[in-house]
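Each chain gets a letter, A, B, C, D and E, in the order it is written, and its residues are counted from 1.
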Amino acid sequence: MTDLSVMPPKKAIGPIQWMKRNLFSTWYNVVLTLVVAYLIVTSVGPLISWFFVDANFMGSDPKDCSGAGACWVFISQRLDFFIYGFYPGEQQWRVDLMFLLLAVAFVPQFIERFPGRKWLGLFGVVGLPVAGYILIPGGPFGLSEVESTKWGGLMLTLILAYIGIIASLPIGILLALGRRSEMPIIRGLCVVFIEVWRAVPLITVLFMASVMLPLFLPEGLNFEKLARALIGITLWQSAYMAEVIRGGLQAIPRGQYEAASALGLGYWRKMGLVVLPQALKLVIPGIVNTFISLFKDTTLVLIIGLLDILGTVQSTVTDPSWQNVAVEGYVFVAFCFWVFCFGISRYSQSLERKLDTGHKS
Amino acid sequence: MIRIEGVHKWYGGFHVLKNLNLTVRQGEKIVICGPSGSGKSTFIRCINRLEEHQHGSIIVDDIELTDDVRQIDSVRRDVGMVFQHFNLFPHLTVLENCCLAPVWVKKIPRKEAESTAMEYLERVRIPDQANKYPGQLSGGQQQRVAIARALCMKPKIMLFDEPTSALDPEMIAEVLDVMIELAGSGMTMLCVTHEMGFAKTVADRVIFMDAGEIVEQAPPQEFFSNPKEPRAQKFLQQILQH
Amino acid sequence: MKKQAINARTYGVKPWYDPRVRSLVYQTLAIALVFWGGWVLVENTLSNMASRGISTGFGFLDETAGFGIIMHLVPYDATMSYGRTFWVGLANTLLVSCMGVIAATVLGFIIGVARLSSNWLIAKLALVYIEVIRNIPLLLQIFFWYFAVLSNLPSPRQSADLGSALFINNRGLYLPQPVPQEGFGLFIAGVVLAVFAVVWVAKWARKRQLATGERFPMVKVALAILVTVPFVAYVIAGDPLGWDVPALKGFNFKGGITVIPELAALWIALSLYTASFIAEIVRSGILSVSKGQTEAANALGLPNRLTLRLVVIPQSLRVIIPPLTSQYLNLVKNSSLATAIGYPDLVAVFMGTTLNQTGQAVEVVAMTMAVYLTISLLISLLMNLYNRAVAIKER
Amino acid sequence: ATTLENVMEKGRLQCGVTTGLPGFSQPDEKGNWTGIDVDTCRAMAAAIFGDPKAVDFTPLTAKERFTALQSGEIDVLSRNTTWTLTRDVSLGLNFAGVNYYDGQGFLVSKDIGVNDAAELDGATVCIQAGTTTELNLADYFRAKSMEFKPIVFDTSEQTVQGFAAGRCDVLTSDRSQLAALRSKLADPSSAKILPNTISKEPLGPVVRQGDDQWFNIVKWVLSVQINAEELGVTSSNADDMLKSDNPSIQRLLGTDGDMGAKLGLPADFGYKVVSLVGNYGEIYDRNVGPDTPLGLDRGINALWNDGGILYAPPVR
Amino acid sequence: MIRIEGVHKWYGGFHVLKNLNLTVRQGEKIVICGPSGSGKSTFIRCINRLEEHQHGSIIVDDIELTDDVRQIDSVRRDVGMVFQHFNLFPHLTVLENCCLAPVWVKKIPRKEAESTAMEYLERVRIPDQANKYPGQLSGGQQQRVAIARALCMKPKIMLFDEPTSALDPEMIAEVLDVMIELAGSGMTMLCVTHEMGFAKTVADRVIFMDAGEIVEQAPPQEFFSNPKEPRAQKFLQQILQH
């Protein structure tokens, strides 16, 4: 009996028993497991050999590809184009610097207890757009100008997603506040704005922004195509953002509003100092998720002729000197997006868990 | 200090407050009690206009509470309030909670506001918790912070809405001690509470409300030992049974 | 006592400090601003259009379109009007949306349940599927299914065929089309009879179950009836259904029903993508049902299968429906990506070719947006009705 | 403000081009645009600013182009656009001339064994959205009572991709492009261009209606290029030609008379156009001529006195 | 009826149940008490296999509880259970809650199942609530429905896991009354509860558990008046103080 009082009986869960429990517990599980295992085995082998074994990694031109597997040479040869678009080569350090700043601002956010994490985050939200505004188009400080038509590739994708999210945040906040306002007309206007933007597909918004906007504006008032795409994306996104933030506002207990009022804080101070800081913190995961979906949706600018990363790949896979590289190109883009989105979504999930426990304490 | 005349209030068709009349002199301490739902909270919240009354007049420190936002603001500056559920701001430290209103509403320099805040935190005996967040404090400590936060605005009047009813028994004493001390310093106080010990110690008057009316007003000794109204008698019996 | 009138203003409140007055002013301002903005926009647009000689109005809808559309559910040819192209596009949008909603829902539920399967392999596979698919842009997936898969399908001459009636090649999937012939009425009668028989048996089985508690193998019997009765009728009528079997003529298959690759690619991509989101919704919906419910059901002796069906799923639907709604809306909106691969949906046909041929951007875009707005309002309305029907009754 | 004023104020010309069509408008790996349509815009920039580089190119799909021009997004559309009555009249546009006379043709893969367009009954046709080709195609098949299935893509790249993937039997487009599009195939020899030309496709730059000055500028910059070829003025001899005593050349290059002022341009705009961009022949040879990958003969695009139909109104 | 021999159970490395032995005869009523976390719930849940024990044997109504699903099912059919938090199915009416298991598990005709259900609902004194949803009932009513639901399966044994501890004082009496009546009808019952009144009235035996062990077993009079084990003494003191 002594052993029983200390430790549980060692149920030796060997691999056999584990499989019996987790793979072959009932007859239909046996069938399912076998079918799935067969499918995996038959498909994974060829995939691996296409991706790695038969693939060509080294070389500089189409002749270096055997054709048996993937032609990664194509990617490495055109990588500059995929990342920078037409951004002039000798100026690409500016973009690299922005990538670096982006990494400096946000990679520490994944590392708990990184000193100054919050400040770096703040820099990412406030400082980074300013730095980008100076660095990327050039102009001041003797930086040569690079027109927005030359931007492209991954860099353009990131710019669109980043500006889209940063700019839609304040508009989203205003809309959310408006939607919870006690003034029926303000509330109604906000509801209509939000619902209309959420109902229409992004590509119609982009189409309007890219070719029709000047028709609505007085003559002479004109922005660049990129700026107009950004306006479209931002307004569209702010409607989604408003709904996310509204969720946060609703979660703040009434007592907080009352306590702030009792201290004599007016509407804007009450919101700005007491309610919004709490509400925004609560919906960070929601904001991150919105960001991910926006990030994926930026690919649609391809349809209005901006060359984002998918656009650059699309435009090069038809290059006659490289044959049959479409799949490689798409896989490359898919991989880029996947790494970003999966990484960020994992981050948001961990945040969600953390905020969850924080709530209960 | 406070003059309340013929105040009525409705929630939709429901008549919560019925013809309330009350005058509170400076430095007076008043305890309000009554059965649940009798309108005590609503009444006390009308005094700093968290609720709007629909008839009658409430005059606080010579300012009448009307729709005028400036008047409401200046009344709120003079009236501190402590809630049942503390309602501290969880995203700010204790010290920041205390400084928020002085800095933003009274425009006092941050340094100065902080030193005042520390003073009041000492007075409620938790100066060492100043840099913690509310979530890290016990209920009793949180309620004391809430009192300090209200005091930091140097109000002329303090309103308490069942400040101890959400607390565990051990913590009730901590908070009551602070309140008794505060009463000793001559602050005008209106307090909704069922703590008879507190009422007997500090109250100048006990007001008993039922169904939205002030049923009885009397000094605490008289009220507790010899209530006149049958409703008050019944209520006291229930409380004593408990 | 009668409720008294509000008489605050008699105390001499300065109107600009009265929150009621303020709110009125703000709202009036807001309305004015919106109207002014709207007016400026309309004014600008009209004057811009006038100065650039762009024709306005909806008269263009009656003009001849003059271009072909590969797929049309409503009758169409190049001699018909631009107005007709609107309906053709709309029908195609609705078709792919409906197909997508159905497939994504079925797939999403299967994968969501698989994610919680006790079978380790299945659960992991579902996880991998979800994490891969939902983190890759939809447009890319559409391109993949279209260009990468299409180029690996055989040409019409080398079509893969199934029983020389069903063909797959890079022009699409060709199915035989049934053509009713003489005596077909008898077959129809058989089908109707079978359906009535099934309904009757079902009623009877239910009655018997209520009376004696005996369960009846309804599904099997129903299937048997539905198969045999029409089959017998078919045989008696003497093979009354001709099949328009697609055949290679010239360089393409002719006859039969064609599923064009654009539709297939768009449908597959939309369904797979949306399913990955629905799967997560289903999973969290199932997990949201408290453990106590499962335990109570188990304690009553309900086996796991019945617990899931009678207790867990009905309760999880409440949690699932609202986010499911927004996924449906997303799917409908995303179907507009059709334009990237040439599927003739509303955006591709009407906001594409028609807009381009007529040049009446404002009218065309307004009509297109109105369609999406209507669809989206309709879906939310239906879902809200459903939601109300299943809401938990509380006191 | 007039378009010219706006353009002068911006200091740049906004020019709508294709998203990529060899010989007409195509960006290279560095994003530099080349092609006949591109050079039309460069000539305008040379005429206005004396700087052929003062152009910003907006890549447009066929579907977007007119909306972009109507809305004012671009100043001039130089995107191998066919001149038709409807476009000229009801779209509120003005065609400023023709810089390439084209016709619609067919590209088929060799293994379907078709030698003439009349054999295309039941064919699946890849085509670009929003083009006259889309309409001509329908007309052609209807006239011959043949059936066809149109697969409509957004860009010419996708059209080729679809054709390459075997989605369609035939790719139809302007003949000038078929060769270029064929060259994009993995195996160009697997496809051939049918002899038929089923339509007239006069391609040229387009402007908005209602601004005659701007319309004239585009029209005359084009004419100057053609006249220059007729008069033998090229970019290399333009400086010498300044001393020419041929009055036509003098008027063309602005050494005599003030043709520029009448248009609101500098007096020497003709000289700038020819010296900085070249005459029509140079532009043709450089972009689509026999020595380019496209290898197109001048054909009807030769001068009127050389067997073609190019006949520019005189600068006088 | 129930024979439990040398049962051990671990949660990971935590030893929750230690060598439990217990025999329950038909019609016996057993009350289990003990401090929080002592393993009472775990023990009772092992009896209908909501938890798995890892050593020893549990034999219910001559069926041993092993991994065999069929045996588990047949045991569960004979053992009814009432939970602390009722666990009614909120999407079904009271009547449907009661009929679910009889119809689907025992394959009883719906009509018959309904009339049985109405009988039991009458027995727990809420026949008039039959067509309401659980969310529309008070806690006490819900718990009585839960009891009726378990009874509808006509179980031989009933398990109760603190059936009254989530209820307000007025409602406790309602539920206890029903349980006492049920006990009177001769049902075999195992009940985790701290209601001494109930234990004294109906229990044949009181079992006291601490730290996963059965520390003391005795008839209620004996246990409450004169507990033998020091741990039980301490526990009873705490309860009586309360």
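As a convention for this text, contacts are C-beta pairs under 8 Å (C-beta built on N, C-alpha and C of every residue); 3 or more make two chains touch, one makes a residue touch a chain.
These numbers come from a predicted model, not from an experiment.
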**Report entry** Chain of greatest Cα-centre distance to subunit C
**Finding:** B
Report summary line: The chain whose mean C-alpha position lies nearest the overall protein Cα centroid is chain A
Report summary line: Whole-angstrom distance, CA centroid of subunit A to CA centroid of subunit D, is 40
Query raised in the report: At what distance in angstrom does the C-alpha mean of subunit E lie from that of subunit C?
Result: 49
Query - Cα-centroid distance, subunit A relative to subunit C, in whole angstrom - result: 26
Requested in this report: Report the inter-chain centroid distance for subunit A and subunit E in whole angstrom, where each centroid is the mean of the CA atoms.
Outcome: 52
**Report entry** Residues within subunit B bordering two or more other chains
**Finding:** 69
Query raised in the report: Which positions in subunit C touch two or more other chains at once?
Result: 48-49, 147, 151, 339-340, 361
Report summary line: So subunit D residues touching two or more other chains come to 64, 67, 70-72, 154, 161
Query raised in the report: Okay, in this complex, where on subunit D does subunit A touch?
Result: 1, 6, 19-20, 27, 29-31, 56-61, 64, 67-68, 70-73, 154, 157, 160-161, 183-186, 188
Query raised in the report: In their complex, what parts of subunit D are in touch with subunit C?
Result: 62-67, 70-72, 86-87, 90-93, 111-112, 114, 121-124, 129-130, 134-135, 137-139, 141-142, 148-154, 158, 161-162, 164-167, 169, 208-210
**Report entry** Footprint of subunit C on subunit B - complex, ascending
**Finding:** 8, 10, 15, 18-19, 54-55, 57, 64, 66-71
Report summary line: subunit D partner, complex, touching residues on subunit A are 81, 85-86, 88, 147, 149-150, 152, 207, 210-215, 219-220, 222, 225, 303-305, 314-315, 317-320, 323-324, 326
Report task. Over in the complex, which subunit E residues touch subunit C? Could you list them? Result -> 48, 50, 69, 73, 76-77, 79-81, 83, 85, 87-91, 100-101, 103-113, 132-133, 135-137, 149-150, 153
